[in-house]
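Naming follows writing order (A, B and C), and every chain is counted from residue 1.
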Amino acid sequence: MIKFENVDKVYASGTKALNKVNLEIEQGEFVAIIGLSGAGKSTLIRTVNKMIDITAGRLTVNGIDVSGLKGKELRKFRRKIGMVFQSFNLVMRTSVINNVLAARVADMSFIRTLLGLYSKQDKIQALEALDKVGILEKAYSRADQLSGGQQQRVALARTLAQNPEIILADEPVAALDPVMADVVMEDFKRINRDMNITVVINIHHVDLALQFADRIVGINAGKIVYDGPTRNVTNETLKMIYGRELTDDDLMKEKKND
Amino acid sequence: MIDDILHIFFPREYTLENGKVVKEKFNWTPYITIAIILFSVFCAVFTKVDIPRLFQRSKAFWALIEEMIPPNWGFWRDMQKPMIDTIVMSVLGTVVGCLIALPMSFYLSSNFKLNKVYLAGHKGLLSLLRTLPTLVYAQLLSIVIGTGTLAGTISITIFTYTICVKMMYEQIETVDMGPYEALESTGASRVKCMMKAIYPQVRGFFWSTVLYCFETNVRSAAILGYVGAGGIGVQINEQLTWRRYGNTGLMVLVLVITVVIIETISRELRKKLVQG
Amino acid sequence: MMTEKHLTIESQLEKFPSVLPKFIIGLVSFVVFYILTTITISFKGINEKGILIAIAAFKGLFNPSMSVITDLGKYGLLQMLFETLAIAFLGTIIGLVFAIPLAFLSSRNICPRWINTICLTLISIIRAFPAFMLGIMFVKSIGPGAFAGVLSMAIGSIGMLSKLIIEVIEDLNPGIAEALDAAGCSTFEKIRYGLIPQLSSNIISIVLYRLDINVKNATILGIVQAGGIGAQLMFAINARRWSDTGAMLLGIIFMTIVLEYFSTRIRTRLAGQKD
């Protein structure tokens, strides 16, 4: 369980990115965080694995106080939390399998990492992860030869290869076309359902959030303005979260009734 | 005519029909050209450039070349060892220098937010060391640790280190930090993140730098023998003093062929590395 | 598509590249490396004298001799540095004078193929010829001194300068020359208005780059009596006059860094202009 209690984040520049955030996410939930860009979505997600440190309040993940973690403990904690990025963050000049295996090095000895000696167990785990996102046949291709959608699925496989309990995804489909975005979101959904992994996803596109998530958290200027099941979200709620009418930019696909 | 010459130096003003005055842009080029010519003449006087003398003595230059041809093939047996020494010194110096430079370049690149004051100091010291040629290190070292190939190898190592580390940290500063962030989020330590997220991005560049350093080093290693730091230079110096130009000719020929072979191979390999 | 569907984790696992070849390459290179080291490197161990010398040298380097620095005579630091600079500068300029026509003759878009081949061969011979040998040969034929240094530096620069200029020429935009051709310009006019404006900033960058290298190379010409600060530096080191050595090394470092600074600044400005 991820639990935010009165969490604040003020950047060194003075920007207040999170303002008294209270949020509880149970294991196995699929939560979409929506809001304008700059509303604090990205900050919120990155505090969970302490890629960004909070400045006030209390943040616990499965009972562990995150802001108290340092060095080795922090690294051990992060192993259970996967992260997927908007720009995929793959090493383009190496093979897909090497990218996925990179998620295993946290558990490996220094010498094994240096020499690239992955155990059979690690290799199987990496291939299984690729199989789960449906691109097993691309294992030995170079990452830069894949399409954007396939690259994001490699990134997802990399995350799966670390056996996470939680997956944090920061705008994972923003760089993809609508068809690929759907496929990748399906992958997230399936993983969430089959493996009982918590998925917390930042998403700018309201339609995708409503289609795939079980729960919507709306954030505006660092404050949570809506938190509830997807089915309760109305046009009024969206207007409140965005502070304006929705535009085409907020949707991945063209409006159906157009 | 005079007007045209003046025009080069002083921009003209034109008055258009509507009364507007258009001024040409001031152009530094002629002034700089003249300054360069004057400076060249001054340098020529200072270095006692003497063209008639060059023509008078050019016969001696060609005579020297004629004496080197044909090379004395019999000398091959005596020059084998120093020639191999020269190449081995370059190989060892290059490999050791670059292998030390690789981890240090990660440490020195500004992406990883390490101690800034230390970084500036280390980088400054490196650029001071880089200004000194290998030969100066070789001579200092041959006095401190004694003449021989070790002094030469260490001086090549130092020189290679200063060059390689700079090229590498500048390259590392341009890489995509995304994969690094991704690996950091999996809980891998900083060193592991560098190995698995940054190194694959600069691997090709690193090996191409190694080859480049090797090329440079083979060229500069030949002269190290002049200060007693081992290699073919010792022999070249001796044979020239004894005026055995046939022997010198052979050594020059072997050096030229070696450099050409190494350059050709290295160029092809580097092309592949840049693509891959 | 059918085969892809039959892919299993087991079959993909078998395709995992083995580390064995890499391991063997690593091992073999290590052994080769070790053997090379043992046949070439002889180390007698640092004796106490060596350590004392190192300490003395270190102290001297940080106490540069003021008399060398302030001496304005022939063996004073300033004159020696200037001589070094002059050799490098003149060498670069003369090298450029030869390199430009050679580069045009070697460019595929300017001259026929057979001329290219002849000139490129000439360039690679010049490039491969050891620079210090040129120095020695000039010293032997026209006598020791800075003039020999200038000549060897000039010839030594031709190779790299022309190689880099060829690249620039081969990247030229042919449209401009064609337009001038169509306007009925003479060959001279084509070069003046079609080529020079396109080439000049690139060539200046190349020349500055080579000047940097030449200043560094000029410091060691002295070893073969071809002028510059090198000869005095070597004497000072051999005679273990460490504070003189320190003064000269500081001079070299200072001169190289100042030059490098300005040449980098000018080059970045030129590169900026082009875009």
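Just so it is clear, a residue touches a chain if its C-beta (ideal position, glycine included) is under 8 Å from a C-beta of that chain, and two chains touch if they have at least 3 such contacts.
None of the values given here were measured: they were computed from a predicted structure.
Visitor: When you check each chain against subunit A and subunit B, which touch both of them?
Guide: C
Visitor: Considering only mean CA positions as chain centres, point out the chain farthest from subunit B.
Guide: Farthest from subunit B by mean C-alpha position: A.
Visitor: State the pair with the higher C-beta contact count; candidates are A-C and B-C.
Guide: Per the contact counts, B-C leads.
Visitor: What whole-number Å value describes the gap between the mean CA coordinates of subunit A and subunit B?
Guide: Here the centre of subunit B sits 48 Å away from the centre of subunit A.
Visitor: Which whole number of Å gives the spacing of the CA centres of subunit A and subunit C?
Guide: Distance between chain centres: 50 Å.
Visitor: Centroid of subunit B to centroid of subunit C, CA atoms only: how many Å?
Guide: 5
Visitor: Which positions in subunit B touch two or more other chains at once?
Guide: If we look for residues of subunit B contacting two or more partner chains, we find none.
Visitor: Note which residues of subunit C are touching subunit A in the complex, please.
Guide: 4, 7, 9, 12-13, 15-17, 19
Visitor: Can you tell me which positions in subunit A touch subunit B when the two form their complex?
Guide: 49, 51, 74-79, 81-83, 85, 87-94, 98, 102-103, 105-106, 108, 110, 113-114, 155, 158-159, 162, 168
Visitor: In the complex of these two chains, what residues of subunit A are touching subunit C?
Guide: 97, 115-117, 120, 123-124, 127-128, 131, 136-137, 139-140
Visitor: Touching subunit C in the complex: which residues of subunit B?
Guide: 36, 39-40, 42-44, 46-50, 53-54, 57-58, 60-61, 63-65, 84-85, 88-89, 91-92, 95, 127-128, 131-133, 135-136, 139-140, 143-146, 148-150, 153, 219, 222-223, 226-227, 230, 236, 240, 252, 255-256, 259-260, 263
Visitor: Where on subunit C does subunit B make contact in their complex?
Guide: Residue list for subunit C touching subunit B: 33, 36-37, 39-44, 46-47, 50, 53-54, 57, 82-83, 85-87, 89-90, 93, 124-125, 128-133, 136-138, 140-143, 145-147, 149-151, 216-217, 219-220, 223-224, 227, 233-234, 237-238, 240, 249, 252-253, 256-257, 260.
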